[in-house]
Each structure stands twice: as C-alpha cells, then as structure tokens.
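Both complexes below contain chain A, partnered by chain B and then by chain C.
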Partner chain A sequence: MDPIVSTRGLAKDYGRSPALRSIDLELGPGITGFLGPNGAGKTTLLRILATALEPSAGSVRILGHDPTDPRARIEIRRRLGYVPQELGLYATFSAFDFVDYVAILKEHVDRRARHDEVRRVLDEVDLGDVRSKAIRKLSGGMRRRVALAQALLGDPPLLVLDEPTVGLDPEQRVRFRQLVSRHAERRCVVLSTHVTEDVEALCDRVVVLHDGAVVFDATPAELAALAAGRVWVADLADDGAHVSWRTGEGRYRMVGEPPPDADLIAPTVQDGYLLLGGGIAEGSAA
Partner chain B sequence: MSWHVDVASADRYVARRLDPNGSASVEAHLVSCAACRERVGAAVDSDVLEAVWRGVTDAVDQPALGWLEHTLSRLGCSDANARMVSATTRARWSYLLAVGVSIALAISASQSSYERLFAMFLIAAPLGPLAATAGAFGRWSDPAAELLSTVPTSSLRILLVRTAAAVVPALALTAISLPWIADRGWLAVAWLLPSLALALGAVALSSWTSIERAALGLGVVWVGAPMVLRLRVPELLETFSGPVQIASLGAVAVAVAVTVLRRTEFEWSEG
Partner chain C sequence: MIAAEVQLGRLEGGRVARNPLVWLALALTALWVHVAEPVDLYHLLAGYGMVLPAFVTMVVLGLATRRSRRTGAEELLDTLPAGPVVRTVALGTAACTTGIVALTVTVALLAYRWPSAGLGTTDDTLPSGIDLPSPNLAQLLQGPMALVVVGVLGVALASWMPTWVFAPALVLPAMAQILWFGIWNGEELGAASWWWPWSTGWVHGEWVGCVDGAPTCSLQVSGFDGVTPWWHLGYLVALAVLLLMIAVLRHRRDRTTWNAFGLSVAAVVALAAAQAVVYERFVPVGAG
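Coming up: the complex of A and B.
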C-alpha cells in the first residue's frame, strides 16, 4: 500500500536559516506525533504537509500527489483537514457559520447537503448544542473543537493538527483523544505537540525533531524504552541526573545514569524524550 | 378533551390529503393529546418526517446574514462570494478609511492656492490606498488566512473578491467627492491612476514576497523618485499631467499580467 505522505530529502529554509534539513518520512494510516522543542521545525513540517508552505528542496508526495504542482495541490486540499497552531476563527461568526464558511471554500456547493455536513461535524465534536453561539462566547476548548470540526469536513483521509491540545483541560483532552483515535482507524493523522502524555496515549508512532532534523522515529513504547534502567527515585536529588524533580510524594524522580543501588522505576515517553534531549545537548545521541 | 382524531382524518392527514383547516385542527389536537400523537406519529412515513425535521433544522441553522451579505445575496452574489466579503469586514473598513483620508486631503489640497502643497498631496495621496491594500490583504486582516490558504478554492479568487469588496466602495466614495475636488481641473484626480497602479503592483509583487514588504518597497520608490529626479514643483505637476498617467497605465497592465501569470504562487501561505 502506498504511503499517504512521503518525503525525500525535504528541506525548508527561511532566508539563510534552515528550518528543516533533509527529512525522509513515510506515513500511512494511524496517528503520528511530532515532538520537539520550540524551533525544532514541527510547525514548518506540518505546514508543508498541509500545503500552506512550499518546500525549499527535496520531494513530497501527499495522497499520491506532488503539492508543488498547482493542479495536484488542489486535489490534495480537497482531501485534507488542517488545524493550524493559530486557530484564526472569526469571533463574530457562530460556530455553525464559521464551519459553513470553510465548507463553502472546501467546495461543498449544495446548501442543504453542506448544512447537513456542518451539523454532522459539529455533533461529532460535541458542539451541536452550541452551534448558534458566537465564537467569542465559546471557551478556549470549544474554540479548539470548532477548529477541529472544520478539519473533519468531508471526512478527509489526511488530518494535520498543529498543537491541537493546547489550552484543553484534562477532560477535554481525553475527549479529543477519543475523537481523533476514532478517526485514525482508516486515516492518517499527523499532529505536533509538546505534551508527551498525548503521544503516549494516542500515537502509533512518534517522530522527534531537533534543529530541523529527525532524531528519533519509532513507536512511543520504543521512545520510553530508551530510558529503561535510567529512571529512578530517591530521597535526595542526584547531581549526575540529566533532569530531576521533586514529586508530590516528596521524593526526587530522576532521569540519567543511575547510581548502582538506585530504586529504578518504569520509564515513560517523557523520560525517553528527556533523555534523548539530554543526549542531543551533549552531542551523544542521534 | 371531547374528541380524538378519527381514523379516516388521521389517514388523510398522514397522506397530506386533509384540507388546511382540518390539518390545523388535527395538529392543535395532537399537541395536547398524547394518545393521538402516538397513533398518528407511528403512521407518518419516516422519510417525510426526516425531511420535515431537516427543513426545520436548516431554517434554524441558516446563517444570520449581516446586512452586507444579505444585500449581496439579494443582488445575486453566490454564497461563497458573499461570505468571503462579509468575513473580512476589518479589511474593507481599513481600505475605506484610507481612501476617505486621501479624498479629504484631495479636497483641502485642491482648494489651496499653494502649488507646493498640491504637489505634495499628489505624491502623498496614492500612499493611502497603497497602505490600505497592504492592510486589507496582509495576514492581519484575515485571522483565518493560514487556514484558508489550504482550501481548494483558489487564493487568487479570494484575493480578487476581497479587492473588489474594497475597491468598489472606494470608487463610489471618490465619485461622490468629485464636485468638491474639481477646482483644479482633472489634475485633482491625477492621483487615482497612480493609486491603482501602486495597489495592483503590490498585489502582483505579493506573489514573490509579503504584501506588506511589497507595499513598503513600492512606497519608497514612489516617494523617492521625484527626489532622485530633482523635480521642481512645476515640473512635477507637468509630469503628473502626462508621463505619470501613461506610466501608471502601463504599470496597471503589467501588474494585471503578472498577477494572472503567477496566479498559482498566491496559493502558498507566506513563510
């Protein structure tokens, strides 16, 4: 089966500053999470996959098309759902009006069928009851769901979500995970996040970017496994740990090279990510 | 409750063959009688019921059109175009404001006897529409610009609809003001064609760079040219009456051609 997204030597420069360096990726159905510090290139990569940004070098194929070809780009856009980092909603529009507007621009021409589709996606994100409310009166979490609703129009096979869980409370985050995982059964969902718990709970695959390059690409379990035997707790902080913090139980949780008699605990995706970050900082990883 | 819907009336009501008075009577009864409601409701074709509910929800969800969108729709404008125009209120008002300021300056300058002031006005006036163009089509004017750069509808079409939405009222405003600026003869409107050329030039150049940068560059060239050429006031006024108009016309043609030829470049969002 052909990948839904594939890139070869993909690069993007802003003037003289490289934002992405030779990215090779193949993405199929399922949820892929992009992790990385600010400035790692996550948003740039997602904007290229959403056809908002032109690559500087390399090749990209999305849904079987080359986005640098104008006609092919339109074909991709017909089958793409995108939630940008900055939502950019019209505050005076109601949730229904806004999603309806995007539906118009997504070529849902027949008014009745379009309205049915708008109601469907708003129901899907649990906003059916507030669809007539002005967006300015909706909470931050509801606005995120309005943005997600417009991305679900037409049931697209590719969903690109840039920091979709920012500003969501824990309950909303769980609902978001349920919604996205339902959609990912047959589709390709690509999301960027800073929240490692989202990656752990939601993603089949995690790609860590650093300084515009891929430094890790495997399953969340494999990312967590990087820290196996290197996470421990103790009553006092160990100066040798890459990172340490005091937990609510009053003990210190540490990631790094443990002392011989350390009280080791099971690692999480966050531990693996932190260790990878520490390794990158020291030039010993990737 | 002294009566119930009889079987014959219920059948005719369900089949939509009951006269309006009879239907109204049945419906009034159904509101207050659960037994009849259940009996008649069970007999109603589910497809018909579905269609009725769709009609109701459609009417409820019908977007509350603003006056502008409503007017455009009544004038035969498509849903898409009317919504595109109404979604960018901020852009339209900024454009009208800039053109309004230019026209106010035109009126005061054309009634001034100072040639230098009038010459300065001719140089300054096109900068208003140029700045407004940058404002109207820059990213700040449309909060959803990033999202809309990824929809299949052509970005050039969105750009042109928004251009028309800004320029048509500006032209109307200019036409209304003509009696007050006609004292200087046709030289009083000699800034209009350069304004159009600069605005369209910025749109065309925005296929390479951001429209804000394009407008800034053109503005600097426009203001700097008379200084570099060391034109005195009489020469400047003479230039405006002929060469500037011809050059502006040429620039308009080039800008339109570039915009058409590079139309696919508008479909990338800015970096």
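Coming up: the complex of A and C.
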C-alpha cells in the first residue's frame, strides 16, 4: 500500500537558516507524533504537510500528489484537515458559523448537507450545545475544539494537528485522544506536541526532531526503552543525573547514568525523550 | 467554484445585514426622510439618503476583508481548496446583499412618503407653485446601487492596503464624496460630475422656482433628467464590477481576470462619458 505521506531529502530554509535538513519519512494509517524542542522544525514540517509552506529542496508526496503542483495541491487540500498552532479563529463568529465558513471553503456547497456535517463535527468535539455562542465567549479549550471540528469536516484521510492539546483540561485531553484514535483507525494523523504523555497514550509512532533533523523514529515503547536502566529514584538528588526533579512523594526522580546501587524504575516516553535531548542515548538514535 | 462564492457570499451577506451599525445608519436615513422637507425628499429618495449606510457598509466590508490577516487565520485558510479569490468575491456578493436590504428600506421609505404625483413626475405642492420632482425608478435604484459600489470599494481598498496605517484611505473617499456632494449640490452639472456614485443627474441648470422676483433660492434644481439615471445605474454596476476586479487582482492575475478588468474599465469610462452626452439640457422657465 502506498504511504499517505512520503518525503525524500526534504529541506526548508528561512533565508540562510535551515529549519529542516534532509527529512526522509513514510507515513501510513495511524498516529505519528512529532516531538522536539522549540525550534526543532516540527511546525515547519507540519506546515509543509498541510500545504501551507513549500519545501526548499527534496520531494514530498501527499495522498499520492505532489503539493508543489498547483492543481495537485488543491486535490490534497480537498482531503486534508489541519489545525495550525496559532488557531486564528474569527472571534465574532459563532462556532457554527466559523465551521460553516471553513466548510464552504472546503467546497461543501450543498447547504443542507453542509449544515448537517457542521453539526456532526461540532457534536463530535462536544460543542453541540454551544454552537451558537460567539467564539470570543468560549474558553481556550473550547476554541481548540472548534479548530479540531473544522479539521474533521468531510472525514479527511489526512489530519495534521500542530500542538492540538494545548489548553485542554485532563478530561478534554482524554476525549481528544478518544476522538483522534477513532479517526486514525483507517486514516493518517500527524501531530506535533510537547506533551510526551499524549505520545505515549495515542501514537503508534514517534519521530523526534532536533535542529531540523530526525534523531529518532520508532514506536513510543522503543523511545521509552532508550531509558531502560537509566531512571531511578532516591531520597537525595544525584549531581550526576542528566535531569532530576522532586516528586510528590518527596523523593527525587532522576534520568541519566545511575549509580551502581540505584533504585531503578520503569522508564516512560518522557525519560527516553529527555535522554535523547541530552545526547546520552545518541548511539541509539535512528 | 461559483457555488462556493455564492454560499460564502450568503454567509457574509447575512453577517453584514445583521450588523447593528448598518441598521443604525439605515435608521438615521429613515429619520432623515421622516423629517425632510418636501423639497429635500427627492434627493434623499434618489440616492443621497444612502450615503451614511454606504459609508458604514464600506467600513464593515473593509474590516471583513482584513479579518483573516487581523486574526492570523491565513495559515488555516491557505490550506483550504477555495482560496482568497473566493473569499473576495463572496465579500462583493455580501455588498449586493446589503444593497438588497437598502433597496427594501428605500421602497419602505417611498411608501411612507409617496409623492402625490407619482414616480418620475413633478408635483405642484408648494404655495409658490414650485414644481417638486420625484425620483423615477432608475433613481430609486441608484442609492442601493451606490451603496453596493462603496461597499465593494471597501473590499478593494482593504485587499490592497498593506497595513492599517493606510486606513484613512478607506475613509477619505467616502468623506470626499459626501462633502463634494454637499458643495456641488445645486451647481450645474459638468462632465466630471457623472463619475461620482451619487451623481444621479437630478440637478442641472436653474431651479424652476428661481425665476426673477422669486424669494432667494439657494438651490438651483431644474427638475430631473429622465435619461441619465438609467445610464448612471449602468455606470454604477460597471463600477462595482471594476472595483471587485481590482480586489481580485490582489490574489489572481491570470488572463481572465485581466480581461474582466479591462472590460469593466471600458464600460465605466463609456457609461460615464455617455452621460455627459445624453443628458437632457435644462430649458429655464420662460426661456424662448
């Protein structure tokens, strides 16, 4: 089966600053999470996949089309859902009107069918009750859900979500995970996040970007496994640890090279990611 | 794709038509008509009453045009299959929706103050025997149509305006029009007069009431011209299309758009020039 997204030697420069360097990826159905520090190139990559930005070098194919061809780009956009990092919602519009506005621009031109679809996606993100409310009167989490609702219009085969869980409370985050995982059963969902718990709970695959390059590409379990034997707890902080913090239980949780008698615990995706960032697991990176 | 423009125009038009500022302006027009002396009523019904609603529509549509840039929504909108041309044309369609609202209000005001001699006639209602003109159908349509033109002007200006520093560019044309009308009203029409949206051709020459020995007459209204209003209505339609093409050229510069632009320029020039040729010359009372 052809991948839904594939890139070869993808690069993007902003003037003389390289934002992405030679990215090779193939993405199929399922959820792929992009992790990385600020400035790693996550948003640039997602904007290219969403056809908002053209690459400086390399090739991209999305849903079987080359987005640098204007006609093909339109075809991609017809089958794409995108939530940008900066939502840019129209504050004076109601949630319904805004999603309806986007639906028209997605060429849902049959009025009755479009309104049914708008109601469906708003219900799906639990905004059915407040659909007539002006967006400026909605909470930050609700606004995020309005943005997600417009991306779900037409049940697109490719969903690109840039920091989709920012501002969601724990209950909404769980609801978001349910929604996206259900959507991803037959479709490709690409998301960027700083929240490693989301990656752990949601993603089939995690790609870590650092300085515009892929430094890890495997499953979340494999990312967590990078830190196996390197996470421990102790009553006092160890200066040799890569990172350490005091937990609610009053003990210190540390990631790095443990002392011989360390009280080792099971690692998480966050631990693996922190080790990647510190370069300790450099040899393990893909 | 036309369907998307129509549907979005419907949504945008609905928003403008629900805008309280537009209705406030229309209410002020209604108040103006209510208190107007019979001698002024003709001007208000024949278009000038729509100056304020048109100005408000221009500002509202200008703001709507800038909305995506103001809110940072361009990144999302740039990933949708229907692009900025559809959004621009939809805002032009929204101006038409507001024009329909203005036409409805004009008809209501006309019904409220129906000229006793009927439409497109003169009426001896003043004690001094002065003939008061009443607007004909074309003149009644010119107010709402001029509102459409000025609304699309707002779309065109906002489309090309790089930043809000240039916002006065939205206001000045409207103010110039209003002030120019005030200064010019009562003067004899010249060739340049036909280029203004509200140059509806009801004044040229002297007012029939201003004969020798008559009380001081500040206005020199001759009656109305039955020919030019139809030409001027066509001129306004062409001008609206031209302004919309100017807005569209901000986003698309293909041959079709340039052709439409060229045709609308030709139509505007031809229809404006034709008015200066075909208008009815005033013959003062008692002349010859």
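Things worth noting here:
In the analysis below, the second predicted complex is superposed on the first by the 279 of 286 C-alpha atoms of A that agree within 3 Å, B and C clash if a C-alpha of one lies under 4 Å from a C-alpha of the other, contacts with A are read in each partner's own complex, and residues count from 1 in each chain.
The rule we apply is simple: a residue touches a chain if its C-beta (ideal position, glycine included) is under 8 Å from a C-beta of that chain, and two chains touch if they have at least 3 such contacts.
Worth saying up front: this structure is predicted, and the values here are computed from it rather than measured.
With the C-alpha superposition on chain A as described, chain C and chain B clash in the combined arrangement. Looking at the shared chain after the overlay, A:S132 reaches chain B, while chain C stays out of its contact range. When the two complexes are overlaid on their common chain A, residue A:V102 makes contact with chain B and with chain C alike.
In the overlay built on the shared chain, the residue A:R111 is in contact with chain B and with chain C. Residue contacts after overlaying the shared chain place A:H65 against neither chain B nor chain C. Once chain A of one complex is fitted onto chain A of the other, the partner contacts of A:Y14 are limited to chain B, with no touch recorded for chain C. Contacts of A:T51 after superposition on the shared chain: both chain B and chain C are touched. Within the superposed three-chain model, A:R119 lies in touch with chain B and out of touch with chain C [touch as defined at top]. In the superposition on chain A, the chain among chain B and chain C reaching more residues of chain A is B.
Of the two partner chains placed by superposition, chain B and chain C are both touched by A:G88. Clashing C-alpha atoms between chain C and chain B appear in just one of the listed stretches 38-46, 110-118, 128-136 or 164-172, and that stretch is 164-172.
The interface of chain A with chain B overlaps its interface with chain C at residues 47, 50-52, 74, 77-78, 80, 82, 84, 86-90, 97, 100-102, 104-107, 111, 147, 150. Looking at the complex, you find that chain B touches chain A at residues 54, 57-58, 60-61, 63-64, 79-80, 83-84, 87, 142-153, 158, 264, 267-269, 271. Across the complex, chain A is touched by residues 1, 3-4, 7-8, 11, 15, 67-68, 71-82, 86-87 of chain C.
Residues of chain A that touch chain C in their complex: 47, 50-52, 74, 77-78, 80, 82-84, 86-91, 97, 100-102, 104-107, 109, 111, 114, 147, 150. The touching residues of chain A, counted against chain B in their complex, run 12, 14, 47, 50-54, 70, 73-74, 77-78, 80, 82, 84, 86-90, 93-94, 96-97, 100-102, 104-107, 111-112, 115-116, 118-119, 131-132, 147, 150.
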